[in-house]
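Paired with chain B in one complex and with chain C in the other, chain A is shared by the two complexes that follow.
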Partner chain A sequence: MADLSSGAIPRRFNPWPVTIFTVLFILAVLFLTPTIGVLLSSVKTTRAIALGDLWSWPDRLYLGNYAEVFSNPAVHRYFLNTLIVTLPATLASTALGVLAGYTFAKLPFRGSNLLFLVVIAGMFFPPQVILVPLFRLFNSMGLIDTLWPIFLVHTALGIPICTLLMRNFFATVPNALREAAILEGANEWQVLTRVVLPLSLPALAVLATLQFTWIWNDFLWPLIFTQSDEKRTIMVGIVNLRGQYTVAWGVQGALSLIASLPTLLIFLYFQRFFIKGMTMGAVKG
Partner chain B sequence: MAQVTLKNIKKSFGPTEVIKGVDLDIQQGEFVVFVGPSGCGKSTMLRMISGLEDVSAGQIGIDGRDVTHVSPSKRDLAMVFQSYALFPHLTVAENIGFGLKLHKTPKAEINRRVEEVAKTLQLEALLDRTPRQLSGGQRQRVAIGRSIIRNPKVFLFDEPLSNLDAALRGKMRLEIARLHKELKDVTMIYVTHDQVEAMTLADRIVVFNQGRIEQVGTPMELYHTPANPFVAGFIGAPAMNFLPAEMLSEQQVRLGETVLDLPQSSALSGAVTLGIRPEHIEVSDGGEIMATLDLMEKLGSETLLHLTTPFSDSPLTARVDGAVELTEGQTLRLKFNPNAVHIFAASEVRPAMTA
Partner chain C sequence: MERENRFWRVALLALPLFVFLALVIWPLLSSFYYSFTNWNGFNSDYDYVGFENFKRIWTDRLFFNAIVNTSIWMAAAILLPTILGLSLALLLDAKVRGSKIFKTIFYLPICLSAIVVGQIWVWIYQPDWGLLNTVIEQITGSRFNYAWLARPDSALYAVIVAWSWQQTGLSMVIYLAGLTSVPSDLLEVCDIEGATPWQKIRQVIIPLLTPSTVVVVALSVINSLKGFDILFIMTGGGPFNSSDTLAMHMYNESFRKYFMGYGSAISVVLFLIALTIIGLYFRQLKKVDDIYG
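Here is the complex of A and B:
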């Protein structure tokens, strides 16, 4: 063994780890560059941005943009509106996905596989296709310029992905567990809430994070369904924040960063589940 | 009164009929073992009794009540699964008390009964652990604990020992036998493909084959008077030998060149199949049946002899005392115990059973 460690046999150079690292590093830089640009502009005055180039290091840390964002009552309203839409829609779509997924995974019926495919097919419709009909529908119901359409559309559009994920996860929970619980006297609801769901927390956390992020960051639906500033959500609000004659890059940058904080926090909180949830089912145990 | 009654039970999955009409009465306090090769329908039968599987036709009664269409939780029975089916996110104590908690039993009462059960099954030290921290045998005991705590009328066991290694299996077998003795009035229905488990545990064995019951009887009845070659071949290890023979008269059968006198007369005539268990063959100088010793399996206390005879293609197995000294290739004289010879109609023996 001593011979081996003394380097008697020259180790062949393996190029793969280096290549993979380089590629990943370049990708990370590409992904982070816009964020860094936004971060830089958020700590400069509008004048400095207009004079210098975007990527220059600021002469001094200017926090006025952040102060302006935090003191702007419209921003408070945007945040509140986004929360009012995102939390219930995340909850509703996940809950419906859990119920539908459980039915498809554990209580199959005649034609359930076909129905499952139909539900999943919903994922592949581009939203633009249903945009005009939905606008007319909600308009006729008098719901335009309220938060209701955004909540309803996100709940509905979330069902396919939620159902798919939860069904596939529930399918990995052994049937014997359900049967054991039933023989112990549990009804289907108790099987779900006391046995299957507690075992599915990682999947649930992943799904809730994805849904939350997607709904929080959405731009299209709030743009279409809301008109007045009082009903705007945060992503539409960022655009609205520009002044009448000037584009307030600094303020917009500050708000952009603040707006992405909730999703980042949610991800950080659930990230232990994320890794677990994504590899779940790959190996037993 | 019978505790569990099965009347003409049938079950089909699509066009495939897996249970083809089963009638059975199980008495209170009885330990009944369903045994049979894989795919014979024994597990399906158990799942139908539990209610986890619907019946296609027939009637299931428990305690005089027709439960054919009653939900599993209202049948007052408990089941121990092959995979244990413990809830991984709950502790041992929570697993055992799961059913009581669902039935809204007061907490103090649950704790008291969990401790009682844990004491019976020697699980006291493990109550705070989760299933993944337990060994196979401990998991199985927790699964049993979960089923006995509710004092159900009927216990169902679905191959509970088949995931355990051989040594532990023997130990758990004893524990289950002891448990049945302790819980006197409790009916147990136990599914296994292991005939040793069936023989040692059962008050009565039900032998299943291809969706039908071949024979019902006590272990010794099945061993001594099997109704047909299937049962004869299934009960007893190593399996019974089947040899072609010919009836000369009601009490005389010819095997190769040898004529055996039977103690009882047989209604069969002409070509028959003679069945003899390995333990009823003796190597003796006075024996008239000649056989060549191909292979020996020395098990210590006893030795299994694998032999060929000139009058049959099928190999013959004999079980002799471990002290007997023989060499492979040797020609032996064998003596069949006439009291232990079984005569079956030749057509009854299917090739698979003699293998």
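Here is the complex of A and C:
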């Protein structure tokens, strides 16, 4: 009976999927517009932009802006400096987070929860609070205007988030695995490096992406700790180059895009781990 | 066994804790110390000035201006990305065509640096050929060249829009993750009972998403307190200090005017504000934890 009637009545049109798609589409266009603006500026001449032609589809691709950016030796230096800081600091902060996270997850002791909270609290404080003392410390060590302070500060400031994410991840690794390995005669270091870490690759990928993006994009610390153009990183460099290309908007656009490329590529590559990783670290935090 | 464990705890924790203590905790404590001095950033000697710097805060008109701006900035920087991110997540959860691509588009701005985001939005607000004024001109048909970032009335809000554009993707991802744990049979029951979609969202989904909201709000608080780069690049705190936040004010006093002692005093206040917010927040969090386990 029911079958017959449902066969007879034509399926009602459901308006929801179409409406939702349309809303999402409009929002996506709005969200993409700013980025498309930069993309357009980078393939247009400064003259065209000044004449109010930035937001139209280009008739022909003008690549002069990119040529200008790539041939500028300062840009090479900024890129190299940023890499020299970002790669080691990403590695170091992740490694320290692994060590602390493992201890908090698998070897708890009296007061370890409190200690863990103190470390996590480091995440919440505005970096401005430790600016002046760190400036004085590095100044007295003669390290101002070198890349060392930037590396050291990012390593230290990465510890809270890395410890949090790794502890939460390690907590999901069954204790039986560790106990079995120890019964077989492995020591704690072997358990960590041979048993637990190989299981943690997705978590490590998320953490490395987060840290890389954050350090690469950082502006405050290199602004404070470096002074000469030789030691500037890319984000401070972009701001400096604005003086050189005051109204060369096209060059500024090309520069912004090139400076964002590493973080964009890394994100797109690790995207699938990323959303899973956010769930793991954040929601059960 | 227990002795071995003790050895490994020390061995594994020593390095991370040392770095953390030396470069985060120690500077934090010495900030308090410097706030009682008149160090100028260059000389190696300085005087102890007692509460002088803190008295000065009370008479610093710009400090109160910064407090007001910081409150506006934080309220908006928490509310907007949270509400927008939740709406996007709910729309995306309907699993329409292309939702994966939409997700990537909404998330993308997070990968950009504040400097690049600032630059992009400076162009949108550009009075002569910026997109915003161009669109307004197209709609109204008359010449429009309001300088959004150069007017005290609009500068701070213009930066807030840019900031929300960047941060929304983050809250969206966290809410999407939270939505996967909403049981689908519960939603089916709602449909059978004849609940409207709005009732379903208001009374079932949003309460179930409380743990995600906790994370989203915490991250927004952290990120907005740190909001310095984007203001630095878009307005520099101007015009006429109309977008000067505490973090900006502290930077100006310490590294432009070289009143590092006074700057430390401002940072101590900033620290205490952060501590209060976080303290209140963790108390709420405990209540949530008690309810949701």
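The working rule: the second predicted complex is superposed on the first by the 238 of 285 C-alpha atoms of A that agree within 3 Å, B and C clash if a C-alpha of one lies under 4 Å from a C-alpha of the other, contacts with A are read in each partner's own complex, and residues count from 1 in each chain.
Throughout what follows, a residue touches a chain if its C-beta (ideal position, glycine included) is under 8 Å from a C-beta of that chain, and two chains touch if they have at least 3 such contacts.
The shown structure was predicted, so the numbers you read here are calculated from the model rather than taken from an experiment.
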Clash-or-fit label for the pair chain B, chain C on chain A: fit
Which of chain B and chain C A:Ala181 touches, first, second, both or neither: first
Touching partner for A:Trp57 - first (chain B), second (chain C), both, neither: neither
Larger contact residue set on chain A - chain B or chain C: C
Partner chain(s) touched by A:Ile238 [first = chain B, second = chain C, both, neither]: second
Which of chain B and chain C A:Phe13 touches, first, second, both or neither: neither
Which superposed partner A:Phe267 touches (first chain B, second chain C, both, neither): second
Inter-chain angle, chain B to chain C through the CA centre of chain A, in degrees rounded to a multiple of 10: 100
Touching partner for A:Val195 - first (chain B), second (chain C), both, neither: first
Chain C versus chain B - closest C-alpha approach in the superposed model, Å: 5
Those residues of chain A which chain B touches in one complex and chain C touches in the other: 187, 285
Chain A to chain B touching residues, read off their complex: 174, 176-177, 179-187, 190, 194-195, 198-199, 285
List of chain A residues in touch with chain C within their complex: 16-17, 20-21, 23-24, 27-28, 31-35, 37-38, 41, 49-55, 96-97, 99-100, 102-103, 107, 109, 119, 121-137, 140, 152-153, 155-157, 159-160, 163, 187-189, 192, 213, 216-220, 224, 235, 238-239, 249, 252, 256, 259-260, 263-264, 267-268, 271, 274-275, 278-279, 282-283, 285
Touching residues (chain side chain C, partner chain A) in the complex: 4-6, 8-9, 11-13, 15-17, 19-20, 22-28, 30-31, 34, 39, 41, 44, 88, 91-92, 94, 96-99, 101-117, 119-121, 123-124, 128-129, 131, 134, 165, 173-174, 176-178, 180-181, 197, 211-212, 215, 219, 221-222, 225-226, 228-229, 232-233, 246-247, 250-251, 254-255, 260, 263-264, 267-268, 270-271, 274, 278
Chain A contact footprint on chain B (complex, rising order): 50, 52, 71-73, 77-79, 81-83, 85-89, 98-99, 102-103, 132, 146, 150
